[in-house]
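Shown next, in structure tokens, is the structure this report addresses.
Chain naming follows the written order as A, B, C, D and E, and within any one chain the residues start at number 1.
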Amino acid sequence: MSTTLATASASSPAEPFNAITARAVRKVYATPSGAVEAVAEASFSIARGDFVSILGPSGCGKSTLMLMVAGLEPATSGAITLDGLPVNGPRTSAGMMFQDPTLLPWRSVLENVLFPVSMCRPVMPDDRARAEQLLRMVDLWHFRERRPRELSGGMRQRVALARALINDPRILLMDEPFSALDAITRDEMGLALARIWDTTRKTAIFITHSIREAIFLSDRILVMGRRPSTIVEDIRVPFARPRAPEIEADPAFNELYLHLKASIHRAPPLQ
Amino acid sequence: MSTTLATASASSPAEPFNAITARAVRKVYATPSGAVEAVAEASFSIARGDFVSILGPSGCGKSTLMLMVAGLEPATSGAITLDGLPVNGPRTSAGMMFQDPTLLPWRSVLENVLFPVSMCRPVMPDDRARAEQLLRMVDLWHFRERRPRELSGGMRQRVALARALINDPRILLMDEPFSALDAITRDEMGLALARIWDTTRKTAIFITHSIREAIFLSDRILVMGRRPSTIVEDIRVPFARPRAPEIEADPAFNELYLHLKASIHRAPPLQ
Amino acid sequence: QTRAIKLTLPWLANGSTLFTYVAKNQGFFKKRGLEVTISRGFGSVAAAQTVGAGEFDFGFVFAGGIILGAARGLPLVAMGTLGYDATMGILVRADSPIKTAKDLEGKKIGIVPTSAEAPYWPAFARKAGIDTSGISMVQMDNRVLEQSLINNQVDAITAIGTSSVPVMMALKQPSRFMLWSKAGVSLYAGQVVTRAETLAKDKALCQAVTDALVEGLVFALKDPEAGVDIFLKEVPEVGVTKGGKENATISQGLMHYTVLSPEAEQRAIGFTDMTKVAGMVDLVMEYGAPKDAKRPDPATLFTNDFVGDVGKLTPDQWAKVKANVAEYAAILG
Amino acid sequence: MPDLTTPSSPAAPPPPGLAARGLAGARARIRPFALPILTAALIIAAWEVVVRVRHIPEVLLPAPSAVAARLWETLPFLLQQAVPTTLETVAGFAISTVLGISLAVLVTASRFAREALYPNIVFFQLIPKIALAPLFIVWLGIGSPSRVTFSVFISFFPVVVATLTGLTSVDRDLLRLCRAVGARGWKVYTQVRFPAAVPHIFSGLKIAITFAMIGVIVGEFITAQAGLGYMILFAASQAEMALIFASIVLLCVIGLALYALVVVAEAFALKRYGA
Amino acid sequence: MPDLTTPSSPAAPPPPGLAARGLAGARARIRPFALPILTAALIIAAWEVVVRVRHIPEVLLPAPSAVAARLWETLPFLLQQAVPTTLETVAGFAISTVLGISLAVLVTASRFAREALYPNIVFFQLIPKIALAPLFIVWLGIGSPSRVTFSVFISFFPVVVATLTGLTSVDRDLLRLCRAVGARGWKVYTQVRFPAAVPHIFSGLKIAITFAMIGVIVGEFITAQAGLGYMILFAASQAEMALIFASIVLLCVIGLALYALVVVAEAFALKRYGA
């Protein structure tokens, strides 16, 4: 196994070529009903252009970690840097996809996709063209004039994906982007994402519950354990790029799959 | 293939032993931006105690169909019966899980689980005990006093599952109940559901995007095609009950899996 | 055993109605077996309405309001006149070029429509021979009336002398007043009023109330300072206001001036001159009431049945009263 | 057509079968007008009966028939008086809308403005402006501006409170999205907070339009040379209750029409911005 | 402690580091009081200067110092007058709350009630009640009930409109959930619609409390012989501006305190029912 699975250092110091670093990041939510430690300790660094998936049981702190990286939740302690600069607030350089689609109900699909643009500068015909292209990619071009409430759950999620890509961001943060999609659409979207990544080499963090998807898409996979959650595994995916869907048949694929499954399983259950 | 896959009649007439029947059901949403045909034609009948999964591409009308069965959306034409009686409005005999968790933000997790009870009659200590037991089942007992906004996406979905089960309904309607769960939790919940089903033999409709999950849990699987959507396949799952997770290794399982995958694929793409 | 009755004033308690509190304070009601509650009013017309509706048993209301109310169908009876001139008139700043009625032509005049004198402006204009075509009348609230004059927003205001003059004096604003009664436009001021029904049912009660009020007024006429002191005790908010006492004194003085009349001196305080009121009814019907109002019969609307010895003053006493009000007579011109 | 009876209710009953559509449709269209008028008619009838049976004199409470007769006789004149009142109401309402929304934005946008201003706005609202009537005419004169100002003073506060509630109770997820895309300042208001606050804002505007009209009327009580408020006061000086009521009826009809306009605007806005 | 400056703002800044907590905490707690007072002080100072420099006579605009002096002299007396005003305001507000919410529920719950009642409620709201003052005295007498009624008439409408908006703009998904579990009638109101409408309702109540007080004051103008409104009128009849202002200041302080109570109640309710 050690031949196929290269374990990356989980806490390499922040270096200039690292797009994202987290050092001893901890997050405690203070709530009226008591404090919750969402992330106990997370340290990692992600090189520029790396596609990193995060796997972990429900409620282990994946979304929280991503929000901290995006600068949308302050870390209780520890430090996060993006492109070498400490994260204090949100950066527009990142494209973000939340776990909920979070669409504006009063905007059409097309306008929702253009939302990040419209909030920062006037919308140009170019932007519109790009939005339409993205909507074609997520198979919603025919729905571009509809309101979110007229869409199905999966369709909404695809709108959010298109929105995250509209600014062609250098960093992509995606929280379970395909969870509401059927197997086929999911594969299609995964392929589309891989294509984009292959051509533009974005740095990406990708939260998913599908181990296969994680392997197919990622350069590295981080596994988070149950609460108090830390990063229990940091694995480099050995397949060459671009990857074809056929790699699923590769025995190494299955080996990695079983390893990851076991590793998530090993995480102690919630008491 | 014909030996392992028994194709059930898709349009058997309503008979007393059928818990749910749908005859030529059609649904057109009238919206300001034009009408959308969500379900073109759906006819099926589900015997009492059957566990039926619905598979289909994103936006094909699965959720709409379920809402019509639940009596929450009127069918544009066609007829649906529940226990032999036509569906005109919602029935409390059905436990319902929407695609969104739809929790009340001002109620604690426990109160949310008890919501269906509290809306119909005073909450008894028995109900409370049952709710706590369900919360243990979905691994949220420790979070019973928290508000939904303090939960992760997967945790919210599990609250909704517990809520759907609180009244011990004879009919269960679930719209992608495990979409936000990681593989392990998902398997656990699937097993828990199978256990419940094995002991109480509820009639269940289960929308999912996981073909494996569908095979593992169901007596029958309906596949819906893309819009204008109809039921393109109606397959009986041949495995005996109770089922162990090991049946995944059965070659028949894989055969069925590939068959279903192909059948969803066959559905013509959205123009 | 005492009987509870409710009495309404035409407006807030002030110097011109302070004698009602004197009557109460001196036990003039109590000794007649009455327990009186005195309420402030919301204008003479409204006061007539509330008495007519039975909300109050008795009222001290200006004749204009009573006649108008009766013309509109309210079953009212006036049992005694305690002020013989409503002091309707025109108020101008002392430095104003308006010296005579004629000077009002082409000017801007402030008027409070709900005030007692307002309807009779045309009557005065006609009697005084004023050409009203160039005059612009500005309707306003009574709270802003004097202010608008002080600020030169209007050139003159129509006013009831007993209420506006003390305000101007308290504000140390020199002013001049033109009484309309000089031009023959005159109405009685406050009268004791009740419902016809009450009168028919309980003459003794009506007698008692009228007597008590007249007795109170006589007391105040004889000793105005004591009247003011009692007033301050009975209505503490007067003492709280800065110019309260001064205002009450002036206002009472002006009111006492209107008591001086042939009716009061020759007959008794409270006496109503039936020929005069017939003229007043005509005036009200012509100017103050809408077209469809019914002319009340002065003989049933007014009565002198309750005027008695209580209101009789000796010539000496009248002389003293005249001396007391001399300065106020000068103010009213 | 404004549907006055459904202020902002999304819960319409399912449309009837196609066959019955024509007739039922017509009936459904008439109903929202017929029903309130019917109710009003019942109240009015009861009132008429009470006045007649108990012989209440007109000066205490005029019979509806007397009011109607008076209204009919004086309608041309009253309509003339209604013009300045209506115009000033519209002006007061417009200013209140702009002022109220601006203040609400200011107070949500800046913590400093909120702490420094808000309690003073409430303080100001609590001042019974009618008590300061003398100051009004001193500072604003006896013309229209004085009445419009009065109207604004009495009607801007509901707009402030409602808009404020709307702007601050926006879904947090949407605000997080804004932060995520680097949106800030004005844009967040125009694109997210405002649309989300639309139902709240219109709730404030519906209250404001009624108070704007009341404000003008009270302003006319204080000083005016024309207008329905002036007419009411004039009629009061003659104890002409029927004319008072006639003026009030006309006033309320105009007010209802203005309210209906706000409801129509709300319907459009909700179509655009409703969830 | 009521934080008046943050009416319902959920956007609190991140708490400062633990070390600076003590001092900064104290400052943060003082700020919401100090800042508005400071602003008010600035306005007052400007006013004082204007009055003195331009020699504005007291009858037009008294200097703040004159008002303060007057307030100080008459405070015991004014406080006594404030008692009935405050009690009647609270009563009027309480009735408005109950009446307004009931009407809103009635109007949302029944299509019939909505069509029959709602336009008439708006119509009623538009009546300038002050024009009917004599009728008030005739029909309601000169006691407390008259003023409380006046207060209710002027303050219930904001509650109706706001509650109505709240009840009808509930998330449709929640209403679908209710239908799914067979919930109906009253339960849906108490358990779902009401909690969801809480921010709207409180927006209405905050408006209502201010109008309830204004209503009592105006009612006191018409009928009372005690109370701050009466004092204002009395002072006005003698053109005593300083006393008018002193009464208004006391009035506003009491109103602000009542408003603060509503804000506190809102904070509690939002803690319980806020999203």
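Keep in mind that, in the parts below, a contact is a pair of C-beta atoms (placed from the backbone, for glycine too) under 8 Å apart; a residue touches a chain by one contact, two chains touch by 3 or more.
Please read these numbers as outputs of a predicted model, since none were measured by experiment.
Following the contact convention of this document, D is the list of chains adjacent to both chain C and chain E. Chains touching both chain C and chain D: E. Each chain gets a centre from the mean of its Cα atoms; the one farthest from the centre of chain A is C.
Of all chain pairs, the one linked by the most C-beta contacts is D-E. Each chain gets one centre point, the mean of its Cα atoms, and the points for chain D and chain E are 18 Å apart.
The centroid of the Cα atoms in chain B and the matching centroid in chain D are 49 Å apart. Chain B and chain E have centres, each the mean of its CA atoms, that are 50 Å apart.
Within chain A, the positions touching two or more other chains are listed as 100. Within chain C, contacts with two or more other chains are made by residues 45, 49, 53, 143, 147, 151.
Of all residues in chain D, those that touch two or more other chains are 60, 134, 138, 221, 233, 236, 275. On chain E, the positions that touch chain C within their shared complex are 59-60, 70, 74, 77, 133-134, 137-138, 141-142, 222-223, 225, 230-231, 233-240, 242-243.
Listing the residues of chain A that touch chain D in their complex gives 70, 72, 89-92, 94, 96, 98, 100, 102, 104-106, 115-116, 118-120, 149, 167. Across the interface of their complex, chain B is touched by residues 29, 31, 33, 36, 55-59, 62-63, 99-100, 139, 142, 145-147, 150-155, 158, 176, 179-186, 209-211, 261, 264-265, 269-271 of chain A. Of all residues in chain E, those touching chain D in their complex are 4-11, 13, 31-32, 35-36, 38-40, 43, 60-61, 107-108, 111-112, 114-120, 122-123, 125-128, 130-132, 134-135, 138, 157-158, 161-162, 164-165, 168-169, 171-172, 199-200, 202-204, 206-207, 210, 213-214, 217-218, 221, 229, 232-233, 236, 239, 241, 244, 247-248, 251-252, 255-256, 259, 275.
Contact residues on chain E toward chain B in their complex (touch as defined above): 173-174, 176-183, 187-188, 191-192, 195, 272-275.
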